[in-house]
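After this come two complexes, each holding chain A, first together with chain B and then together with chain C.
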Partner chain A sequence: MTQQLIGRRTALAGIVGTAAIGTRTAWAADPIKIGFSIPQTGGLAAIGLQALLTLQIWSEDVNARGGILGRPVQLVTYDDQSNPANVPRIYTKLLEVDKVDLIVTNGTNLTVPAMPIAMQRGMVVFCMLSLAVNDKFKYPRFFQTMPYGPHGKASISEGFFDVAMGMSPKPATVALVGADAEFSKNAVDGARDQARKRGLKIVYDRTYPPSTVDFGPVIRGIASANPDIVYIGSYPVDTSGMVRAARELGFRPKLFGGGMVGTQAATLKGDLGEMLNDVVSYELYCPAVADKFPDVEPLLKKYQPRAKEKGIDPQGYYVPPFAYATMEVLQQAVTAAGGLDQDKIAKAAHATTFKTIVGDIKFGADGEWDHPRMLWVQFRGLKGQGMDQFVNPSAEVVLDPPEYRTGELRYPMGVAKQ
Partner chain B sequence: MVDPLAVLNAVVAGVLLGGFYAAVALGIAIAFGMLDIPNLAHPAFVVVGAFATWLLNSHFGIDPVLAGFLMAPLFFLLGLALYRLYHICFERRGEASLQGLAFFFGVLFITEVGLVLSAGADYRSVSAPYIGASLSFAGMVLPGRMLVPFVVSIAMIGLLHRFLARSFTGRAILAVSQDQTALRLMGVSPIRIKTLAFGLANATASIAGALLIIVEPVEPSIGRDFIGRAFAVVVLGGMGSFYGMLLASLILGITESLVSDMWNPSWAPAIAFGFLLPTLAFRSGGLLGRKL
Partner chain C sequence: MTNLRFGLLGLALIVALWLAGRLVTNEYVFFAGYAVAQYILLATAWNLLGGYAGYVNFGTAAFFALGAYVSVAVNKLFEPPLIVLILVGALASGAVGLAMGYLTLKLRGVFFSIATLALAIVAQAVVTNWEFVGGSSGAYLLRPTAGPWGGSYVEYLFYVMLVMAVGAVVLARCIERSKIGFGLAAIRDDELVGEAYGVPTLRLKLLVTVLSGALMGMAGAPLPFYVAYLDPPSAFNLAYAVNTIAMPLIGGASTWVGPVIGAVLLTAVQETAMVTISSAANLMIVGLLMVLFISLAPNGIMGLLRGVRSRA
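The block that comes next holds the complex of A and B.
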């Protein structure tokens, strides 16, 4: 392929900048094209743009180190506008027109519509930020890098219930609530199974529309059922609405939290500030475990100044480490396979223990981590508002898993101002 | 046994929510209800108002409500320009229906992308003493985050209604919504009046945006959540009727709140929107609108 052709396709396909573009005359080989659809506008853009920036940083890093198998990498991406309906045609175009060599997917709602296209063509799916997608497809070439582990839907609630059952006396009742959307419904389904498994009586089990504006009535409904613990599966805006409503109405059960997306985002955390005190939610990475994963810090040093310019999560504890790890898995799988043969890559991905910045990753038969490693944290000692306080490792105490624990659960839920 | 205080709390929460919905729908009540302009982009301008409020609040510490009012003149000018463009490209050629709809869809997407490019895709919020605080009264809890938008919204609707009823320009706006030819015969340019009215509708987006960011954090595409609600309350209330729109907003808010609190939140929008069908079946002009 000539340099001119690469350039033309770059322009046409909206290929994002990589180090390869700046230094392509130095390369003897054609680039390895990695294609993906990513939300750059719409409701999921806050997460999508973080992933995109991280993948750009990774491509710069890997090209600076000599590429993969001596070939530069080139990212080819399109904005899916956070709309799952756009995803199938994007992946069709990536594979049929752009002729990408490898594909990456992200997000539960946006990965599901990409799966039939990938499966039809036998493509390996390197996936991030998705929950229990392969439970339905059972596709042997699917590899998801979030540390949910092999328990599918339960993984986003298992640690929460482990922590809850450590209370004395043990809780007897639970309220389950979540948004009417793929991720949160999966999370609440898993939580329901966990509650039943542990003999908890479910006194409230409802969903709410994602466009809900005022969560006061939802919290009032939960409070009237008087549960010991409340498990919430929510997206960022509803997470904020739920926490605010609970604080405004003075609702303080023994344990309040769950699979709450948004409690990982610096701006939302900073906005909620002390209202988050004693709330229990999940993290993938946080300053409390920074010493266990020292390679994350150099990535964040590259990410943070660029994120600030782009108006996306300025701390980047949630998406960047695992997005970067996804690409490290891809790189090592291709290297182990010695080429771009999808069958060989899939076999290598199943056989290899990958060394990544978030630790070793080994995939099980379902393409998820072979063991769960979600961090369940409790927010502590927050004052007023402001995101800077979350840089402090003590702002989020890790409760589970035991090997990462930095403190014990504090209960019942206290007042916001502590 | 249903606790009467719980019902009262749900109704009060619904009234506050409805008041906020009315603020968002006000611009559509003018543009769509009075001028027959299907401005689907209005909720996107509300979000622009929210981002402008965030900018003034986070950089200069200006109270969000005040920030909304400060930015309103700019939004008014933007509205004037947008209407002129719409008029020249579509209305004047008699292509205002489907093409106009597509035009405002385009404006909606361009506005969203513009916000992402200029302010980023992250969630933005504001701080003010009444956000996070609550007022307790006779067993009821009124969150400041909902109470302030309600009060501002009612005041804004009242002021606009007074302007339309008492001033010459206001009456001309009411007239243009009823009979443009008659207005022209009286020596008033309907286009000039429509331009002013559209500017006014857009100015309300600035204040509604300030109220939105008080109620919840915003990101560039959050306006889409309000398109259905805002148009529904305008139609339900009756085209051209401010008080009908307010009544419809309150019905929507109270229904959502009662259903969420007493029964199942996931049914709230379905039941609230369910009011639309029988109302339109029995009162084709909406609750307080002119009979069609």
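The block that comes next holds the complex of A and C.
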């Protein structure tokens, strides 16, 4: 729970910078304090540290530009150790002791414990990287920036099945498999609904314990059911295990992939390398759509050297663009509200179409994007191992949504070496 | 001091803290206080079996999480008051304690400890597949904003946990100074000799296994209301087991006051370390303190104090 008061230093940098060009001489007011709990240790640290670095870059950027409403921004953060039980205490401390003005949350199971605290005090919740949190709370001051859209669980499989049903002939059977854990279970639940909706026969529908290390038996079980397509809901370790097992056993259905966490991370992608060829998974951003979102590149240029120093995801295609966008939403909502009144900020957040580095964001009544925009990609032309090849836009072909499509699905799944 | 007077002292402490709480406007104090009281309860519960009888239980998280999950299940079915949930949690964890006692108390030393560790793993696997309480996706539980007697619900949770922690300490002291306590001490020192002298070892061990399990279940029952979300990895978090063992060992495992000192000290050290050094150092500090105390002061702080007093 290491507290980091980042804003003072960056605020000073902003003062020096702006004074140098003669536009401002000093901050006229106290900083706007933005508090958040973020996993810097434990199982979710890999994502938390990327988000933290991005928020630091954002605060430096915004302070260099004159802050928000003429006030510098100060980040106040504590490490929740990836443990939801620490979260209520942290947000209470942020609000009661540190007296933060705004709060940000991160991750599904780390956002839920913060919700009662925020709701009790009427705080607006700016959230990144969480799925369907507000389905239960129905809190009108909740805003989530990941582009899952209004369909919750279905968004982690909808695009995959759209792509699958574009095959000719259409697939008739599907295998569903996932870990016994929160995200993968939601993904497979959504996929089951999608399969039924599209009249696919489910020939395999099982979960495996999160501690599984040998995925050979799982893949053999799926192969024996002979499905046309395979949908996998997995976490990084099992993503790696499933892909490796499929390659080792030569299992190549028409379509293989799904909501596979880890295929967005440079290190895992680089490690799997050519084994990922023809696998279909989701992304939030990738070089193939760089021309659609030109403002992401300057962020990544700042992020990448610092990420290398810190030993975190060196490419940063997954977390940083949307974490930065979360803070842009916050900044624009506060600016539109003209102050820190939470009711006005919430109203502004509902009314505004936000211009962010990941495109325009408009929130629906539930605080999620008003439309889904997950990118479904197919890995192509990978050779050996190494993460550098993923910088090439052709390494990931965008299949869905149609407006971002950069190529067509290649099927059936080919061999690894192509 | 008689047990009655000690109990009254505990009651006075609760009243004093309640009166002091009237002056507190910062809710963070109740959140932090809840964590301290929870660990006092858990450490005291662990000490009944581990400290008094010498049976080291690595399965704290299993009993604790069971209390929490039973609380989620019963609340989903009937939405009874929190007190009922705590009693049901205690009953469930006590029953599992009894079952575990029958199955494992023939095991001694490290074999018993491994069996308790296995219990935690089995319990986590069961809960992960128990869809009614959310399974692997976890369970949401929307806590009320206000407590039943005014104030916030978190304030209410703190007082409930405080009452349970004080009650557990009073119970532990009563046991320590009773025939049961002497019997448990005999088991800890040499079980065979104790049995030869007529100590009903199995009955005593079963009694403390049930009591210890029930108290841990009671500690877990309010957790879903405190966190608002419960998933297997956090309910069965290793930190519960590690801290619950470390606290009595550091404070002094064979006394009622040891777990209290250990819980207050360790929670304070951890909180300070997390804020000033790094949260990654948090469990390492606990580990280092445990190693230091086991090597240099096996009877904990209370043992050190006794040594100083006897030399004086």
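Side notes on the structure shown:
The criterion applied here is as follows: the second predicted complex is superposed on the first by the 393 of 418 C-alpha atoms of A that agree within 3 Å, B and C clash if a C-alpha of one lies under 4 Å from a C-alpha of the other, contacts with A are read in each partner's own complex, and residues count from 1 in each chain.
Assume a residue touches a chain if its C-beta (ideal position, glycine included) is under 8 Å from a C-beta of that chain, and two chains touch if they have at least 3 such contacts.
Owing to the predicted nature of the structure, the values given are computational and were not obtained by experimental measurement.
The superposed arrangement places chain B and chain C in clashing positions on chain A. In the superposition on chain A, A:Gly43 makes contact with both chain B and chain C. In the superposition on chain A, A:Gly221 contacts chain B only, with no contact to chain C.
Partner contacting the larger number of chain A residues, of chain B and chain C: B. By the touch criterion defined above, A:Gln385 lies against chain B but remains apart from chain C after alignment on the C-alpha atoms of chain A. By the touch criterion defined above, A:Glu96 lies against chain C but remains apart from chain B after alignment on the C-alpha atoms of chain A. In the superposition on chain A, A:Asp180 contacts both chain B and chain C.
In the superposed model, A:Pro209 lies in contact with both chain B and chain C.
Looking at the shared chain after the overlay, A:Lys344 reaches neither chain B nor chain C. On chain A, the surface patch touched by chain B in one complex and by chain C in the other comprises residues 40-41, 43, 180, 207, 209-210.
Across the complex, chain C is touched by residues 1-3, 40-41, 43, 78-79, 81, 83-85, 87-89, 92-93, 96-97, 109, 112-113, 115-116, 119-120, 136-137, 179-182, 184-186, 207, 209-210 of chain A. Those residues of chain A lying in contact with chain B across their complex are 40-43, 45-46, 48-49, 82, 177, 180, 206-214, 216-218, 220-221, 224, 236-237, 240-241, 244-245, 247-250, 262, 265, 267-268, 271, 275, 310-314, 385, 416.
Remark: chain C residues 26-28, 31-32, 35, 125, 128-129, 135-138, 140, 142-143, 145, 152, 154, 223, 226-231, 233-234, 237, 239, 271, 274-275, 277-280, 282 touch chain A in the complex.
The part of chain B that touches chain A in the complex is made up of residues 3, 6, 9-10, 13-14, 16-17, 20-21, 109, 112-113, 116, 119-125, 127, 132-134, 141, 143, 145-146, 215-217, 219-222, 224-225, 229, 256-258, 260-262, 264-266, 268-269.
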